[in-house]
Each structure stands twice: as C-alpha cells, then as structure tokens.
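What follows is a structure written as structure tokens; I'll ask about it next.
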Amino acid sequence: MSSSVRIAVIGHAFMCKAHIHAWRTAGRFFDLPKTPEVTLLVGRDAGRAAIAAERLNVAESTADWRAAVTRDDIDVVDICTPGDSHREIAVAALAAGKHVLCEKPLANSVGEAEEMTAAAADAEAKGIASFCGFSYRRTPGLALARKFVQEGRLGEIRHVRAQYLQDWLSDANAPLTWRLDKDKAGSGALGDIGAHSIDAAQWVSGQRIGGVSALLHTFVTSRPVGGVAEGLGGAGDFTSERGPVSVDDAAAFTARFDGGAVGVFEATRFALGRRNANRLEINGSRGSIAFDFERMNELEYFDGRDDQQSQGFRRIHVTDAVHPYTDRWWPVGHGLGYGDLFVHQVADVVAALEGDQQARPHFADALDVQRVLQAVEASAEDSSRYTPVAR
Amino acid sequence: MSSSVRIAVIGHAFMCKAHIHAWRTAGRFFDLPKTPEVTLLVGRDAGRAAIAAERLNVAESTADWRAAVTRDDIDVVDICTPGDSHREIAVAALAAGKHVLCEKPLANSVGEAEEMTAAAADAEAKGIASFCGFSYRRTPGLALARKFVQEGRLGEIRHVRAQYLQDWLSDANAPLTWRLDKDKAGSGALGDIGAHSIDAAQWVSGQRIGGVSALLHTFVTSRPVGGVAEGLGGAGDFTSERGPVSVDDAAAFTARFDGGAVGVFEATRFALGRRNANRLEINGSRGSIAFDFERMNELEYFDGRDDQQSQGFRRIHVTDAVHPYTDRWWPVGHGLGYGDLFVHQVADVVAALEGDQQARPHFADALDVQRVLQAVEASAEDSSRYTPVAR
Amino acid sequence: MSSSVRIAVIGHAFMCKAHIHAWRTAGRFFDLPKTPEVTLLVGRDAGRAAIAAERLNVAESTADWRAAVTRDDIDVVDICTPGDSHREIAVAALAAGKHVLCEKPLANSVGEAEEMTAAAADAEAKGIASFCGFSYRRTPGLALARKFVQEGRLGEIRHVRAQYLQDWLSDANAPLTWRLDKDKAGSGALGDIGAHSIDAAQWVSGQRIGGVSALLHTFVTSRPVGGVAEGLGGAGDFTSERGPVSVDDAAAFTARFDGGAVGVFEATRFALGRRNANRLEINGSRGSIAFDFERMNELEYFDGRDDQQSQGFRRIHVTDAVHPYTDRWWPVGHGLGYGDLFVHQVADVVAALEGDQQARPHFADALDVQRVLQAVEASAEDSSRYTPVAR
Amino acid sequence: MSSSVRIAVIGHAFMCKAHIHAWRTAGRFFDLPKTPEVTLLVGRDAGRAAIAAERLNVAESTADWRAAVTRDDIDVVDICTPGDSHREIAVAALAAGKHVLCEKPLANSVGEAEEMTAAAADAEAKGIASFCGFSYRRTPGLALARKFVQEGRLGEIRHVRAQYLQDWLSDANAPLTWRLDKDKAGSGALGDIGAHSIDAAQWVSGQRIGGVSALLHTFVTSRPVGGVAEGLGGAGDFTSERGPVSVDDAAAFTARFDGGAVGVFEATRFALGRRNANRLEINGSRGSIAFDFERMNELEYFDGRDDQQSQGFRRIHVTDAVHPYTDRWWPVGHGLGYGDLFVHQVADVVAALEGDQQARPHFADALDVQRVLQAVEASAEDSSRYTPVAR
C-alpha cells in the first residue's frame, strides 16, 4: 500500500487555492498516516488550467475530468467547482473507487444530493469515503462550542441564533458573477453562506432543524454583465449591459429544532460593514456560547453556574494547547487564520481514510443541510408558512 | 396659569420609581417651561400606596384612581400599571381633560388601543396630549441612529435586525409573576420587550412593518406560585404549587417593511447571559448602524463612503455635546444611565405640553405597534404564515 | 436633633451641578438616616451665584463663603471650587464645626493637604467628619474589583496598570482655561485625572505606592486666552493672544507598591479619540480585573481557577442586585450613569455622618494621594529618578 | 543563476517550525523571483536534529553548524536558536557569503549586535543581505498603521503606548526553561517580547526612542528545574529542585521619542489572562491607531477629521484586498493567522534578495533595538534615572 495519498483537485478558483495549500501543509503540523500529494489539477479550460497548475506548482493539469477521476494514480477527488457540476463528478469518482471531498453546498437540489448520497453509501460498502467541505466545523472555537454542548455545559438548549452577514453585494453595480446565477449556484446567500449556518447550528447544538418559516429577498434584481471579478465580488462595469440576478440576496427564517430549541437564521451579502460575520449564539438552561468568525480565534462562553456576582461572558482565546486542533500550532495567544481550517480538514480526512472513525460531515450530513435548504425555499414560496423538513 | 405641572402617578413598582425620579430631575438639567410636581401616588391597595408614597416622598396617596384622575389639582396622569388597566384609566383621564403619559405596551389588545387612541384624538382637539412611554427612544445612541437615517447617511435601507434578549426566566423555577399572566400582561416577551424593538425599528428606520411571519414559544409552561419577586423576576419557591404560564417566553419573526427593508426580530427572556441586550442593527446601501443597550452610551456606525482601506465600524461614545440630549449633562465620555432616559422623556413631554410641537410617540404611534403585535400573534397561530399588519 | 442635613455648596460649575443633583436624589434610592437639603449656593461673584442658584433651584446664594461656613443652619460644607481655594475654605469650615466634603485633588500641595488633614483630625475628635470626592470609588465595577481583591480572588498582586486618557486638549487652539493654570489647578493631567488613578489603584489593590519614576510633559506650551469654555475644554479663539500653559499635558510614571506589585500609570488629555478612558487593570497570581470608565457598567474579570479550556476574561455587567450599590436602582442590565456615582457618594457620606463607620476616602486618604503626586513631580524634576513617597 | 533559494535552518523549536512552514508556503501565495527550498536542518544534537528533520520533512540534518554555513548549496542561513549563539553563527555565515535571517533579539548585548552589524555592512558591499526576524512588522494591521502615519493621518504624534502582555509565567511553579536563563536569553520579558514592542513602536511611529526611564522586576526568583517544557512555558515539577531565575519577569519604562512623542512601555509574562496581548496605541494631533495582536486581523483607527457627531474608533478588519499583504490570500473578512506573518517575511526577504529594495529590518535596525534595550537595563540599574539611548 502506498504511503501517499494522491489527489486530483477539480477547479482552480479561490477555494481550490485553499485546498491545495492545505493538502501540502497538513503533514507538517499533524501526524498523518499517509502523505498527501496533489497530483493533478483539473479545469474547464485546458489553457487556464495549465496556467493555474504552473502558478500553484501542480505537476499536471487537464480539462478532462472524466478521465481524471478514473486514473489509477489518483486516490482522492477534491471537487471545488460551482454546485451545478458536483453531482456528475462525485458520482463518477465514487463509482471509480475514489474517495471524494466535495465543496459545499453538496448539490444544487435535494434530488442531486440524494443521488450523490446513494452513490456514497454504495461506495462506503467498498471502503470508499465521502466528505463535504463544511470547513467552519474545523474552527477551534466552533469545535469547542460543540464540545461544551456535549459536555452538558449549556444544559437544555433553548435558543439557536445564526447570522451569516457579508457585504460584497451592497454596491448595486457589483458584477453579475456565477454566484448570482441560479443555474450555476443553485441559490444565493441561502446556499452559499446560509448552508454554513445550518450545518454549524445543527452540528454544534446536536439538534436537527424540524421545520422552518422563511423569507427570501432579492434587493438588486439586475447587475452589470461586464466588469472585473475579484475576491467574492469585484468591480462591475456600470456602463455594460445588465443581466438578471436569479438568486436570493438575503434569506431569513425561523426554525424549530427537534430537541425543542427555537432558531433564528439570517444570511445576506448586503450587511454593509460586516465582512464575514458568520455568527452563532446558543442559549441553554445552564450556559451560552457565542461565536463570530470575524474574531475566529475567540469563543464567548457564559457559565450560569459561576457565582452570581462574577457571572459574565468569557472571551476565550481558543489557542490553548487544550483546545481542538491548536496543540499542533503555535503558543497560546498566537491565532490561526482562515487557511488553517483547511489544514484541519485535510488532517481529519486523511486520518479517516486510514482509521476506523468516519470523518464528518459525509454526504449524508450534507444531504440533510440540503433538505433544510429545500424546506426554506418551499416555505418562502408558500407565504412563509411553517414547513417541516422532509427527511 | 400655573407655572407648575402637577402629576398623579398610577402604580408604584419599578417603573413608577423611574418616572418619579425623572419628574423631579428634569428641571435641573433641561430648561422646562413649567416645573413638574408629583402631587399624588395611586395604588391598588391604600396601605401599600401610603408606604410607597412615604418612601418616595410623595405628599399624598390614594387607592381611588377614579377620583384621582378628575382632581382639579392634577394636570398629568402618568400610568405605570400593568397593561390590563391602561385603557380604563387613560380614557377616564383624557375625558377629564388630563394629559396622559401611559407606559408601554399601550394596551393588551388592538381593540383597547384603538379605543384609547380615539379618546386621545378627541382630547387632542381640546388641547390635551397623550404619550406612550417607549423610553428607549430617549437613548442618545438610538436618537443619533435615527438622525443618521434621516440625514441619508445609511442610504437605501435593506436590513433591520432587532433582538431584545434578557435572561431572567432561564431558571425554570423563577416565580409566576404578573408578567407571565396573559390577563395582566397581554403577552410575554413579545409585548414586554418585543414591543420596544418594534417601536425602535420603525422609529429609527423611518419605515413601517408591512407584514410578519412569526413564531411564539413557551419553554417553561408552569412555574411556582410562591416565592419572592425581585427586579423583573425573583426567586421562586420550588416547593410551592406550580401555576400555568399563559404567555410566550420567546417571540421570533421575520418582517417586510413598507420601504423595502427586510426585518428579523427576536425577543426572549431565556438568553442566558444577556441581561438587557436590546439590540438594533440597520444596514443600508451607504452605511450601517448597530446598537446594544448593554452598552447604551455607544453607537456603532459604518460609513461606506470612507476610503476603502480605513473603513470599519466606528464606536461612537454618544456623550458629546453635539449628540442628542447630552449637552445638558456631563463632559464627553461621562456616560448616562437608564434612569436618565426618563428624564429626557419628561423634558420632551413637558416641552410638548407648552409648545407647538407634539411629543412622540403619542397613542396613535403606540397603536401602530399594537397592530404589529397583533399581526405577530395572528401569524404565529396560523403556522407562521405571512400576515400583513392591518392598519 | 434635626432630621435633615443642610448643605452649603461652594462653587457652581460642572462638578457642583453633579453634587446638587446627588444631594437631592440619594434619598429616593437609598435609605438615608437624614434628608439632605441644599440650603445655600456660594460663588465668587454674587450675581453669577444668584443666577446659578435660580437655575439649580437653590433657595439662597451668596458670595461670602466665610460667613456661609459658620452659619448655624449649615451642617455640611461641600467644596467644588478649583484646588487653590480648598485649604482655606475647608479649614475654616472644620473649625466652625461643619462636616466637609471636598472635591479632589484635596489641595494643590502636600503642605496644604497636611494642614487640612490636621484640621480634620482635630475636628474628628469633636465628631466632625471630612471626605474627599474621589467619586470613582462609587462606580459599582470598581467597587466590585476591590471586593474581588479583598476576597482573595486575584491572589498575590503583581501588576497594576492605570491609564486615564482624555482628548479635550488635542486641539492646539483649545482655550487657556483655569485647568491649565498652575496657580489655580496645582498641576495638569497629573492632579486632575492622574490623582483619580492613584486613588483607585491604591484603593482597589489594597497596596500603597512606595515610590515612583516619572515623566511630565507639556505638548502645547501656549494657548489662546480668548474663546468659549465648554465642557472640560471649549473652543479657543485662535486669533486671540496666547498665554502660557503652566501645567503638564501628560504624566507617565512607573511605580513600586509596598505589597510587591509593579505599577504603570499614564494620564493625558491628548489621547485623541479616548473621551474618558479611566482604566485600571490588575493582574494577580490567581485572577485579573480590567476596568474602563467608558464602559462604566462593566468589569472584566479573569479567574485563573476556571478549567483551562474555558478560561477567559468575563465581561460582567455590574448591574445585578448582588453588586455594590446596584440593588437600589434598576433591574439587571439597565446601566447606571456618571451622575449616579455622586448619588452613591451622598449615600455613603450621609450614612457615615450618622453611623459608626467612617466614610472613606477622608482627608488623610486624600493626603496620601497628594504625597504620591508630590513624589511624581519630584521624580520628574530629577531626571525621572526613582523617588520614594514621603509619608 | 539558480532559480531556487536554498536555506539552512539552524534550530528546531517552535520558531523553526514557523520558519520552515513559511519558506514552503510563500511561493504559493506570492510571486517570488526564486523558489525557496529548505535544504538542511541544523541542531545542537545530531540525533534530535535528525528526528526533527524527519518530522518536518527536511531532507538533511546535521549538528555541525560551522560546516553548514559554508556549504556551496546553501544561499540563506536562517538562525532560530536562542540569542547567545546568534553572533557566532551570523558572523560566520555572512563571512561565507550567505544571506542571513536571524531571529530577534539580534543578540544578547549591544557589543555582539555591533559586531554582527559590522559584519553585515561588510557583507552588504558584496551583495549579501542581513535581516532580523521582527515578524510582527508583517502583520497587515501594523503595516497599515505605519502607512497611516506615513500618510499623515495621525498628524503630529504625541503618545506611543506599547504593552506586550503574556501570562505563561504566572504560575510560580512553571519550569526553569532557557528563556529564564540570562546566559542563554540575554534578558527576560524585556528582550523576548519588549524588543518586539520597541521595534514596532519605532517602525510604526517613524520616530526613534531618545531615552528611557526604566524598572525591571522579577516576581518569582526561583523555579523548578524539572518538568515538561511545552509551548512557551510548560508544567514544572514542583517537587524538583529549584534554580534561580536570572532574568526580569517584567519590564516597564517611559520614553521620550526624538520626534517629541512620549512613550510608555510594558512587557510581562505575568499578566494573567492576557495570552499574547502585543498592543500598540499611538495618538496624534489628527488621528489615533490602536492594535492588539490577540485580535491580529483588526486595527482600530480614529480619524479626528470625521464630523464631530460621528467620530469614533473604527474597527478595521484588515483583510481587504487594499490592505498590506492581504490581496494574496482570502476574500475580505477571512482572517490570517500567526503563521502567515512568516510567509510575508519570506516573501519580503526573497523579493529583497533579488531586487533593488532592501528588506527591513536589517541588522542595523535590530542593533538600534538592542541599544534601546541596553538603555533600559542601564536606567533600571541606576534608580530608573532617565538614560539616553547611546547611538
């Protein structure tokens, strides 16, 4: 058996960069049973893929993903493309006996996600694993929050409050990129960032969303077709033709969890000044936690058992050796960055490939998020009526 | 014409203490056209009213509110009782030609509020004024936020995010006080604190809520009848009999504003660790504001027109002489307290009694809040279906 | 014996307003053994004193402080004038058998303060009390910090870090007011605000400063004589003649405490953007506290005995009924303001006048602060050489 | 000319791990003229060096640093050892024509640092470069602060306030590691972390420290020789013999800058609860900045030219594409971590090796810091007397 894990990365935008960085870095900080090697970069366009491979120092590139996912020298297929291509690639890769790490959202519809999950179940029987890239689970602060819930520190959970606030669409002339095209992206703020909130809320709280009442809204219904894409958004050419925005700009919904908690969710890219405020607050009968990714190295924790005169939210700098993941990095107080989450993901995935324990979230977990997204959309289309999540 | 304004205060709990303090303090810091004098304290029980009057240094007390509101030596009736008595007292007082300041929520139902507003309209024709005590409008930070909206600093408003989080019911053995009795209080978190959020959101944003989709929930359905009331809650006697909680513990709703904004509201007394987090955030196309009453002397403000490398939420210490109300108090940086809001309210009310400008919110404003509350309850009873506010 | 305490207030600027407000308010919130009555307002100029008395609703005014402090109908003399007049008034009042509350700093020199303290000691033998107005001791958060130290929660104290940062002199054209005149004010930032830090640091830590090494600096050496005084500073008329600034703009010193702690102090009115950042942080072997008056309702507290994974500074909202002073005010989470500190001061002073317990700080405490100030000035004049505090 | 830069890393503790990670990562995010390759790992003990090389995936290891620094296949010598060995290694490497990157502090004495700087000057004439690892300069927030100063946004600088607070020695039984041994470390908190503050303060403010008045203190004078080193500190075996601590636990000093600013500095490892609070605040006549490494992705900025009612410290999330370094990483709002600073350092160093612009800080810059440290120690030994920095 080879001592390395050979990866084909599909896609070469922002997320792909983060993944490749992580495949290469994980082994230096974590004890991995095998050494990851990024063997192949796959892009839609052969020329652009070659340029990206050069820049990212990947030895080989191709535009033929179908061939790529069946190659003998590939162990893992890492899918970083827009959601509309996930199903086809993932199913083919699993059928070819490759482990699959697929970026979120798993798919653009529940139907696709179900098909993928079925394929993953078949593959699992043959020892093939599937993972979905809800990378925020790898944030030490959120992992610590989940641990606190599991340890019973929060008691009975009453409130889950999740906001994912960005602002890169505030300018009505930001360009019409693929993230604003329903065919490519499946949905807007809801699937792109709201999906993170749904996964984190369920994972940290240990409860599943039973039903939702939702509102979706598009503030700016057309945008310039021309302009320069950059980061998530870019600078639109406001003199150019405008095309229709076919996704939601903002999503808001209330929820009931199966364990009795009440949830409030909001996802938007129009919260001017909030750059990446992925926030989660949970209130229980004994304690509370609050997290904001803009301060990703911190977790706020309230312990209701502290003596009354000294009670208060604690600002935990989640960089101590006793915290999740952090013993492999720097001394306490020296924070981690966004890119490091992907290193944790690689460490978890590679460990799972070799070990007994299944890394999560797998496709079935991601399908569950997809079902919540579907319920949100159904409720929004039905006058916000309370809509159970169909499972 | 007398140079003083003579007030009868109805009620003698926490809120009454704040009001009396304010009637006496306002003239020392603000230039009032007349001097307020608290002449009479009215309580349900003559003995307890007398004790309260003694403690609060009010010369006279009585249990007969009907007589009180018709006395010649009373100019203003200040109603600080639970909501179920507001209508009867206010209507009688207005009919007797007294100005009325009534605590919020204005009433326990839209029907009552409409009756009161009609009475106020009749009285207004005779020069009699009505006010509702949404005292948070008197917070310099919120008044500044409203000013920023009016000045166009936020541009087109997209998001309104209001949370009112308290935690004094987190303990399942907190006692069954009047605030948990639907007959007395009308509703729970919704009317008690959610009403503040609704009023503030509409007042600051300059937009009205057009419709809502809501969820109400009671986490702890029965509580000890015995125990010691204290502050808002108290220490229940968990060995005593338990009675039913007939109001909501938490309310959550999404909203659409008539100006195009999307709203998310949440009110609860179960957010462990949040003592009085009355929060409002508004995101517009040019700027944003964020406020939290736990830091009542601050307003966060984001100006999207700042040069890109120096953009960030500003923490404004709203204690400068150029800020609303603050020139009458201390040097910059020396904050105000909760009690001072009522001083501002008195200053505004007394100024309005003598001037041309009507003080707000009057009963019609408060009726509008009541109508939103009604829509929230209707939606919650109809599977969270989107429910327009009936106006 | 009279059931009231009759007060003559000397001075009628900002601080006097705060004092009069407090004398009148304390009895409504605290159980006082006697009722304070502000009987007389004393000002340098009879006409201006009369106007102030009118505005502040004090029945009588005078320009003759000597007569005032010997009147039979006065029990307490409350001195709110600049420091250069404290000694003469306080000594005369004590000699006349009046209790004295004197604003800080107690005097403009150690010599004056010693004379005053001697007079206070003589008076004390006759049952006459003296107090110095270090009002920040009445902040619930600082009082709680002191309690934590006394309870041993901080363990052995190692670090005391005190900053008092204001910015009202940042503009080089702010006017030349009395606070910039050494003859009137004694010193600049050092005595005006640094004195608060010294008192708070010693009071909270329970240790006394043994010696200091100091630096004093004046950034702007001349300022416009003309202009409008307002708040602490005002708007200077930059076309007017400039006069010399004779006090320090900033003071910085390191210190050794008699209990082994190391101190770092800084006081300035040139910290642009810091409106009234009166900060104190103390680190011990078991815990730490941090306070900033700009968030006066909060205390940060770190408990080193918390389990390692949940350690963090707690943000205590010091408004709970179990906290110092706060049970007399509002429900938890409803903060206090600067003016309320003076109410606490009055409550403590009036209680002390009637009780067995002496209210602190008395003149001897204030003399101790004066001695530290003297050591600071001596060190600054001697090349910052370490200078023991002469006691 | 080779297209790669070959590096020998000397040392294999925490800092070495950060450096190797950076040498390997920089090329993926920054456009480097040459590709760094870590060729050789050097350790004191051949066996432990081999183990470290294996773990860190470095092909070769040795215990013979003298041979290493003269090898033809080495271009850069990267020194990550304790300070007592810096001089000897650096001088030999420079003499052998190798570029040198040396961790801070440059040396354990001014004499050593002067010798190294002289060697660097000689080498520079031959095209050989020297760098000192004040890595905090690579923090986007601090780099932005410096930019603001250079752009004149702060105006005339009055105050520099630098604190470097850690707490890993708070436990009196933490073990006696090399960082507590004067022979190895040169000094304690002063040189270890205070040196960072000095460098950052001078670099950001653009002013040099002219003189200081200082206090050094050791709280715990002996510590267990046995125990487990971990992170910066570890768990001492309190039953083991205790050895003397020969360095300072805390350093505090005031300073005068050559441009007229007043400085206050404090460095300690006893500030319980402060994990890595490397803080810098600068107040000028027009603006202020404040930074805290515990929130390394943020910079607080106050612009005194904002209109008065909206003035306040802005919390800038320094992750926008317009900020220093950040365009190469993630979308706005997705923060960086401590490890990423070393990537920036590598990018700057490699660019400098090939370009016209000299990377800073070079040895002469680091010597300047050393001279300030010397003045601090001299002042502390001379009763804190003001001591000019000898240059």
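Of note:
We call the chains A, B, C and D, going by the order they appear; numbering starts again at 1 in every chain.
Simple rule for what comes next: contacts are C-beta pairs under 8 Å (C-beta built on N, C-alpha and C of every residue); 3 or more make two chains touch, one makes a residue touch a chain.
Keep in mind it's a predicted model, so treat the numbers as computed, not measured.
Should one ask which of A-B and B-D has more C-beta pairs in contact, the pair is A-B.
Each chain gets a centre from the mean of its Cα atoms; for chain B and chain C, those two points are 35 Å apart. If each chain is reduced to the centroid of its CA atoms, chain A and chain B end up 41 Å from each other. Put simply, the C-alpha centre of chain B and that of chain D have 54 angstrom between them.
The multi-chain contact residues of chain C, meaning those touching 2 or more other chains, are 274, 311-313, 317, 320.
Under the stated contact rule, the graph of chain-to-chain touches is complete, every pair of chains being in contact. Those residues of chain A that touch chain D in the shared complex are 14, 17-18, 20-21, 24-25, 27-29, 56-57, 166, 168, 230-232, 274-277, 293-297, 317, 319-321, 329-340.
Across the complex, chain A is touched by residues 158-159, 161, 163, 167, 170-172, 213-215, 217, 219, 250, 252-254, 256, 260, 262, 264, 266, 268, 270-274, 281, 283-288, 302, 304, 311-313, 379, 383-386 of chain B. Residues 144, 147-148, 153, 299-301, 303, 306, 308-317, 320, 322-323 of chain C are the ones touching chain A in the complex.
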